[in-house]
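Below: one structure, written as structure tokens.
Letters A, B, C and D mark the chains as written, and numbering starts fresh at 1 in each.
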Amino acid sequence: MAATTHHHNPDVNYINEFKGIGSWLTSLDHKRIGLMYMISVLTFFLFGGIAALGIRLELFSPGQTVMTADQYNQFMTYHGAIMVFMVIVPGIPAILGNFFLPIHVGAKDVAFPRLNLLSWYVFMVGALMGIATLFMHKVDTGWTFYTPYSIKTSGAATMMVVAAFIMGMSSILTGLNFIATVHKLRCPGMTMYRMPLFVWAIYSTAILQLLATPVLGITLLLLAAERILGVGIFDPALGGDPVLFQHFFWFYSHPAVYIMILPAMGVVSELIAAFSRKTIFGYTAIAYSSLGIAAVSFFVWGHHMYVSGQSETAGIVFSFLTMLVGVPTAIKMFNWLATLYRGSISFQSPMLFALGFLFLFMIGGVTGIMLATLAVDVHFHDTYFVVAHFHYVMVGGTLMALMGGFYYWFPKMFGKMYNEGLARVTFVFIFIGFNVTFFPQFILGAMGMPRRYFDYIPAYESLNKISTVGSWLIGIGFLISLYVIIDGLLRGKKAPANPWGAKTLEWQVPSPPPHTNFHHDPVVTAGPYEYR
Amino acid sequence: MNEPKDVHHIVDYKILLKSGAALFALTFLTMIAFWNHHHLGAFAAPIAFLIAGVKAAIVMMFFMGLKYDSTMNRIIFGLGFFFLAVLMAFSALDIWTRVPVLGTI
Amino acid sequence: MSTVESHASHEHHFAHHFKSADHEFLTSKQGIWLFMVTEILMFGGLFVAYFIFHHIYPGMFAEGAKSLDWRMGFGNTLVLIFSSFTMALGIHQIQKGHNKKAVLSLALTILCGAIFMVVKYFEYTHKFHLGLYPGKYLDVAKVGAEHANLGMYFGFYYLMSGMHGLHVLIGMALIAWVLFRTMRGDFHSHYYTPVEGVGIFWHIIDLIWIFLFPLLYLVG
Amino acid sequence: MMWMNVARAQSLMPTRGTEVASQVSNLYSFLLIVSFIASAILIGGMIFFAWKYKRKTDNDKTPYISHSTALEFLWSFIPLVIFLGVFVWGWYVYHQMRDMPKDALEIHVVGKQWAWETQYKSGVKASNLVVAPIDTDVKLIMSSNDVIHSFYVPSFRIKQDVVPGRYTALWFKANKLGEFHIFCTEYCGTQHSGMIGTMKIVSREDYDRWLEEESKVGLLPLAERGAKVFQVKACASCHSVSDAVVKVGPSLWQRFGHEEETSSGEKVMFDENYIRESVLNPNAKIVKGFPSNVMPSFQGQLSEVEMAALIEYLKGLK
């Protein structure tokens, strides 16, 4: 199309070059596909968020309050399934990764643009199938689909499983595309060690998506076969082994945890360097620790299964390997801290989210070590301690980074500035609300309250009440964010090319970027964080 | 990334023919081993899979052209098998080392 | 997208984000290899489950394998290997510019795939006739099964060979597509990326069958 | 040690009922202290740097510090040593949990949707109740009737999934008298959160007395025996008996001798035969407004006498 014959008109960009909804739905432009992912993921986030508020509302008091036990189990299932498969896994890679990875490496697009668009359609088909089960007999298996419960339960579990399988295919296509882009489409001078750390993180994530997701696919297909044909592989009544299901499931789902958190780490590396105006400390160590985390994450899945009936030997091996994942994570934390040292730190809203990330991820990290410890995990396994831990990592970590990254790149994506004051208010609400919601859950877990409980003993009441109030604060925070976004889109001031004074490639092109990203083919001569 | 010098490597016709012939021969060998599996005993299965492994290697190297491809592509394809082995090894580790709890009954 | 394939000239216009046609070719090829990894891991998951349950229920698996006819599997193995050869040959011929010969090779490949599927069809209908259905549908009384969970073996059998058969069908469709494009004259010695990709996919199908054959038919 | 005691007091874990529980608490307290120190360094450092190096002017120059191999080695090596130490400690305690004592008192526990059934060697049965003597090695041999459950006693810091189709085990040696909670910690459906039982630790004499009393159930009047069956089979988790409140299934209070409307619209008399059928084949005639496939069948689980006792008990619910 008009790609190669671009006139350097400063008012023409990827948003207004082509017009009409059809030009979006058939667009091969990675930036537009990123925005399409953004709209869909944010919509699903709304669904998942409403389910979360419902869960907390029911748990405000013991006993049945606003819904029945069965309804609660459905809320819990949809909250988990939507947030994992439709929000956090595609979240940062498919939105921010799609938009910025090609620009970061100086490419005009991802390696396979048609595949990229296909992955969005596949994702939408899977997601809408998942949502459609809401109008059928609702699923109540929990997002983990543990057998034999998931075989026996009525409800549209088969359809949900197939939906997750389809979304997995989309995830594979995205990952495949990013790997090929990083390997093959770097511009002249862009060596692997001049790539921004965000790219390293997305690259590591892509490897995980590619290698882990197929196993989830076959596991879910086997589960569907189990429900339809009664094959008996995972059904103990037919001689199968339900613990094997857990092995297969976590072979994907543990790396998936890193699919969720690695991109967030990448975003935070960008934010900390940009808002400290300082080169990142230990670039190589951070880059390799991303790859290291990705590699080791395949060897640790059994730490979800210490009390599952897995053998003691396997538990010990998995605990040992899990401890090793802690090391690259610690390196990242200390290197970010060292980057702050003698920096020129500005507290604009993206940076607030980055610092908030460090705070929450620290807590998520150390509680992760506690859960990796065999004897302690026996007590904590499947209690609210685990719930609090992974929310600190996935919400406190990933969602904070997503919000920070979103504010950071908003001017680039839309060419408009947002209301900085209100953005800071959203941070205050989300950060405080988050801690009020989830910190009490650590204590509840230590006291022994199991997860996925519709009802609880009176001793747990006051902490549950605090937690529910916190969830309202988070809700308000996100409502304000929504206002900030809409307000910025409608009334925002025109954004300059580089509002933060950052050094990576995307800030060297106009806001918003032109259709082909660069007016002149870029040639890179230095690293991504040359603040001298 | 270590690219091959000739981008469009053409696998020689004779090599393809030899590979095909070798695959046919190995398939017959598999059957010969199968007919004699009473003599082979416990080795029957490993031998069958060893032959299958050789056949797979021939397909990968000559038909799929991995022998003439870039190192990166070889690493990528190898990674698939490596992580498959990881899945197998750890799942088996658990199931093989389970201790029955009903010793006394 | 600016990948406009030209019919008349022998020049391939590569997409705007690549430096050259070779750049596009190598990138596409890597993409295909990356995709093949997911195929290996997906089928591999089935293999792992098979091995584990084979270890737990050796007798039941032996009983299941006995009811399979090795002649069918053996014949199909030869057919599929031959098809892999003709596929590789087809690429070889396109690379050399012998498009007419390539059309013949590709057509032979599709024919082999069709023979494979016909044999599969007879195998399946025969099994159904005997009551050897997968999982809980297996007619234990009719079959006279010694092991109550024989359905698991046939669950594996139908899932593995069924998934493989599905890949054969997809492969045949893809080869038909590149065959059509070869006849149209889309490909030449410097542009044949789709043929190369479909070829690698077809070889993966062969690769998986090479392991499925001893696994299902021989080792019992 | 003072630190340890402070941490233990602040750990907010439930009462320690076994020696293993104390060891878990100690390890957890250690972890809390280490985590607190690590957080103080990192989060404290972050806040300090953020305050100290706040941007002053828009033209601030920052030094170009690319890396420091020594520092980076240090902050990967020190955490590694700590992590491995924690791993070994955790392994040591875990091994004690998993190493089954030889001559333990064995109690069978069966998890089912949604109750725990315990069976003692003398034939005594209980539901949602494990009675065990103090200072004695007790081994629970567990299995499940339907889906995966998980047997969890917070005060003992022990937990084990109860997997259908196989046996798993737990052991404990209580050193504290009293009643402790048993929770199900593996999601198992509607009443997952209702699968709460009691772990009752009593003296050796009380334990023997309890077993003795329970084994006399056979001499009780029929209706009382039926009440016992009702309790042992955990019918009460789904059916109320003292009022008309609807739990998972219909209330059984004052139903005997009345007509029920079934989901297919026909009327059926709530009599001996209907009770019998509903216990053995629950889905045959579902009361209107209730889902099918929820109640498990008790086929083969009740003797004729027990069935008669149950019917007699339901007759008397007024």
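Note that in this section a contact is a pair of C-beta atoms (placed from the backbone, for glycine too) under 8 Å apart; a residue touches a chain by one contact, two chains touch by 3 or more.
None of these values were measured; they are calculated from a predicted model.
Asker: Among all chains, which one's averaged Cα position is nearest the averaged Cα position of every protein chain shown?
Answerer: Per-chain C-alpha centroids compared to the overall one single out A.
Asker: By number of C-beta pairs in contact, which two chains lead?
Answerer: By contact count, the leading interface is A-D.
Asker: Can you work out the whole-Å distance between the CA centroids of chain B and chain C?
Answerer: Once rounded, the distance between the two centres reads 16 Å.
Asker: Could you tell me the distance, in whole angstrom, between the mean C-alpha positions of chain A and chain B?
Answerer: A distance of 36 Å separates the two centres.
Asker: Measuring centre to centre with CA averages, how many angstrom lie between chain C and chain D?
Answerer: One centre to the other, that is 49 Å.
Asker: Quick check: how many Å separate the C-alpha centres of chain A and chain D?
Answerer: Averaging C-alpha atoms per chain gives centres 32 Å apart.
Asker: Going through chain A residue by residue, note those that touch at least 2 other chains and give them in order.
Answerer: Where chain A meets two or more other chains at a single residue, that happens at 183-184, 211, 215, 239-241, 243-244, 248, 309, 312.
Asker: Counting only residues that touch at least two other chains, what does the list for chain C look like?
Answerer: Those would be 26, 30, 34, 37-38, 40-41, 44-45, 52, 56.
Asker: List, in ascending order, every residue of chain D touching at least 2 other chains.
Answerer: Residues 168 of chain D touch two or more partner chains.
Asker: Which residues, counting only chain C, touch chain A once they are in their complex?
Answerer: Residue list for chain C touching chain A: 1-2, 15-18, 23, 26-28, 30-31, 34-35, 37-46, 49, 52-53, 56-57, 134-137, 148-149, 151-152, 155-156, 158-159.
Asker: Tell me, which parts of chain D touch chain A in their complex?
Answerer: Where chain D meets chain A, its residues are 11-14, 23-24, 27-28, 31, 34-35, 38-39, 42-43, 45-46, 49-50, 53-56, 60-68, 71-72, 75-76, 79-80, 83-84, 86-87, 89-95, 97-98, 146-148, 150, 152, 154-155, 157-161, 163-166, 168, 181, 183-194, 196, 248, 293.
Asker: Residue numbers of chain A touching chain B in their complex, please.
Answerer: 183-184, 211, 215, 241, 243-244, 247-248, 251, 298-299, 301-302, 305, 309-314, 317-318
Asker: So in the complex, which bits of chain A are touching chain C?
Answerer: That would be residues 1, 3-4, 28, 102, 107-115, 172, 176-177, 179-180, 183-185, 210-211, 213-215, 217-219, 221-222, 225-226, 229-233, 238-241, 244, 248, 516 of chain A.
Asker: Show which residues of chain A lie in contact with chain D when the two form their complex.
Answerer: 69-70, 73, 140, 142, 146, 148-149, 152-154, 236-237, 239-243, 276-279, 281-285, 306-309, 312, 315-316, 319-320, 323-324, 326-328, 330-331, 333-335, 337-338, 340-347, 355, 358-359, 362-363, 366-367, 369-370, 372-379, 381-383, 443, 446-448, 450-457, 531-532
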